[in-house]
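Dropping the structures in below, format is structure tokens.
Shared between the two complexes below is subunit A, which pairs with subunit B and subunit C, respectively.
Right, the complex of A and B next:
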């Protein structure tokens, strides 16, 4: 009796091994394209992959996140075919790529994203200039009174310094200056929006997100120009001052299956998915 | 007939014995291998973490940006900058603030609960409290963190009217939920292991139940209770997800427990994801990790020593 049980267990183990090895071979046998990078673009990449694989049976696309930096590192290491990045590659990274693969890489803008600023609905302030934003986030402006609101302390919310959004905001709004030490960093846009819905005097930045009790802050290029909300028209027309491209990076000019995928992503259908996910098409 | 049966029984017993020996041999080897692998794992982690942290002390290139001296010459933690600054003071103080708040709440509650269940509670109550405490221990820390972020933070802000909603106090209270069951179960175990004879002697001498509980049981079990508190401290220092979600993560150096804080573990969790491998920032994060490692190692050995003391004490060797 006991022997039989042992035999059975052995059989099950053997079968599992055989199946997993076979499954491994099958994955390798298919033409698999790996996409890795920005967490901001993770959902977008997955949606693209899903629909593309539905339309092209046989195509295998693996999408993983980790962050723009992780994706670029993977591109340099050769462990991914396509890198998703919410920022441009730095010169130092391009140099490394050149060292390894003797190529400067191919940059393909695949979508546009407007970096939104969030305020509590009850806040009297509804628009800020880029200079005011810089003052607020570097810690020079500490009271809402200085920008036309109540006499209350400004509570700063932001993303972690490992996020592409952090780097983008620092480069484009703070012009490279450091964030104030008072900035509370939260994991993800969702957490930031939630915090602001509860903090009357909070301000935060992040990707597109919606929540009760939170409003978009209109952003003005300078004191003379009107303020714009991060809507499709404003971002497409370039009126909204804080918008960015989202990129795909490849080592070489795409060929074969990869080219087919890239062409499809840039096609009307691919760009429709961009709008559905909450970003803005490049064309 | 009966003779035949005994022989049959004998042979079966022998074959059972034989098989038992073989399986025992295999199982013994497997257990040895797994315990060896566990130790090997710890050693490899130790080597890896320290190797990655070492450049902070040795590599002149890295030392220009981050060295022991620089860690304590600035209070600003600003690793992603044209002029990166790795001031550890605010992060260490932030960690301490959260831990102090957590212990302030968890020690009286958990030790009090342990004394109650071990000394006073009727069996039915005892059988209810212990499983509930175990359930509390089983709540994933990310759930506790989420609860602190969404519910507790607003609740405390309503009471204390603090400017910052997410702060050291909020994170500390959430953390105490995680360490109360830990301290409770160890303290309760050591109170239970106090020999009945001691308690009975105390009662027979005319001491009442309170006096017996506090002067006899608690003082005998003290090393065990302390070990529980020390392990709780170790867990509080290393716990990541709760503080990452509930503390606000701003590196502010102040004495106010209602200011947002950034802790050592949360810093590693938040920043290691996208740091450039081999950069000074990377090495600094590993240096923080190595410090945490050494700290918890010391804490755990200390707890071990005190528990050993309790056992010797109960055996009458002290």
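Right, the complex of A and C next:
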């Protein structure tokens, strides 16, 4: 009986090894790299992919958006190799990664971004404190008059809750409080900028890469400090109060083609593309 | 009408017609533009209503999984017990649905969540969970209050979903001490960002699968559970405690009885023809202390090129009502060590040694069990996992956890499982 059990265990172990080796061959054959996640990072990811594929004719990289939450979910269920996220992974998401892949994930900051506040060019208001922003987006401040503008209702624009930008803004500006129910959610920073360009009394937030046709709202830490725009100098110096890292997340330490891509993205050339797209390099 | 008047009239008509012809393209464009604008405004209004309706649908999330299973047991025999009791099947080789779960989660905002969770397996449908969760952030601390029927916040294994676990079933200790994994009560969780989490709760104490106390608690005081968990990067550790009461039912008084029977028919009751049973006093129901303590640790390593490695271990120590010795309490102990290895994204392999001793004070009973389990997974896609598992239970000598009791049963089990999760 004992011998039989040992034989059975041996067979299971052997089968596991054989299948693992076969799996290895299957995985490495015809490998393409998939990148999914943050809409804020979509253009940046696409630019990286285009240039990298031009320089490496054998490489195949597919980049899609959907939001940081969607990208992280894809990383957890194994349907993407790299997740682009404009926020850090939550504990609950890391727990899911541990359950499915026995790993805590690998976090790689690939760019920096000043989370920008947008106003219509005709709006008299040009700067707001963090407290005023919190008041506006939680619905406690409803008229521009209360913050030095016209006697007109403030129209709020924001991102959908699958967006990393939404989560970052909620955590760091609203300090965990809920958005006003009046906030109109739009799919992407581009849509927000477009809406504000047509809406004199609108306000919205998003990534710096999409700032066209509207003006930046200067942000002040408090009433005593000056307001700053999300420029490279202001973000690097720490004067601009709502800047963040943009991340790539992987399940495991990168190897092979993925490592080559990550190294390139962090190289001087990869970081130059970051600046060209409108974000700020990490190196 | 004079010729002059007629000429003026014709001239006026021609003039007005010429003006009207001259304005037609502009007016027409303006009218068309206005029509288009009105249509667009109408569509925008409809879109706004639609967005509002769809955003409500986003509150609702439906998830679940199905585990269809085939089990081959060494202990299987042909027929039913005694040849007639169809409720006691001797064969254990079966195709069946081990778990068929569906969960409805409604989260209308960041402040509350509502969950109702059903299981349909074999031939029954049961309510697994139904609870309300309220969230509040105070400074950097996140508080969660859970009220209803939900997982006991004890240890690591209880809250670990069966859809993610490598092995077909949880450890023997967990199955004996926390059968059903859920109870009715209230729990407060407070989390310090990223690293620390504490739980404290009050519970009925009998769980959702107790056959005697299906929904009510015979003990007045509620059971208390507390847990602390620390997340330290690649290592998570936790300790748990459970303080409650075990209810031991009493018995009614039994009067003494004297009976006689004139066996030899001589008309005289002889002393040996009289039988007397002594009366029994009533035994009152009593409460006994019920204690459970646990410690758990999980380590996640990213060292092998084929994928992540997880090492998980948990220890259970308990003092609990001993079902085999009516009114006594027994010291119990269980632990497991679980090794899990991902093989790229498509495969996974795991091994677990699971030890359970329901009575650590008794050295004679040979009632401890050690089970070695091996599992292998193939992830068909993001939704389907195919698992083969082999369990090898051993009845152990108390003196050594690795030496088999000579009367070890023939009870190894092979499981093939297809799981669909959404």
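Rule of thumb we're sticking to: the second predicted complex is superposed on the first by the 249 of 283 C-alpha atoms of A that agree within 3 Å, B and C clash if a C-alpha of one lies under 4 Å from a C-alpha of the other, contacts with A are read in each partner's own complex, and residues count from 1 in each chain.
Just so it is clear, a residue touches a chain if its C-beta (ideal position, glycine included) is under 8 Å from a C-beta of that chain, and two chains touch if they have at least 3 such contacts.
Computed from a predicted model, the values in this text were never measured in an experiment.
In the superposed model, A:109 lies in contact with neither subunit B nor subunit C.
When the two complexes are overlaid on their common chain A, residue A:178 makes contact with subunit B and with subunit C alike.
Contacts of A:167 after superposition on the shared chain: subunit B is touched, whereas subunit C is not. Contacts of A:188 after superposition on the shared chain: neither subunit B nor subunit C is touched. Within the superposed three-chain model, A:67 lies in touch with subunit B and out of touch with subunit C [touch as defined at top].
Contacts of A:149 after superposition: neither subunit B nor subunit C is touched.
Of the two partner chains placed around the shared chain by superposition, neither subunit B nor subunit C is touched by A:278.
When the two structures are aligned on the shared chain, A:91 is found in touch with subunit C, with no touch to subunit B. With the contact threshold set out at the top, residues 170, 176, 178, 185 of subunit A are in contact with subunit B in one structure and with subunit C in the other. Contact residues of subunit A toward subunit C in the complex are 1, 5, 8-9, 12, 15-16, 19-20, 23-24, 26-27, 77-79, 91, 98-104, 106, 170, 175-178, 185, 251-253, 255.
Residue ranges on subunit C touching subunit A, taken from their complex, read 55, 109-111, 137, 142, 160-161, 164, 191, 194, 231, 233-234, 236, 298, 300-302, 305-310, 340-347, 349, 372, 374, 376, 378-379, 382, 390, 392, 410, 412.
Residues of subunit A that touch subunit B in their complex: 2, 66-70, 73, 153, 155-156, 160-163, 166-167, 170, 176, 178-179, 181-187, 191, 194-195, 198-199. Those residues of subunit B whose C-beta lies close enough to touch subunit A in the complex are 19, 76-82, 90, 149-150, 153-154, 157, 163-166, 244-245, 248-252, 260, 270-277.
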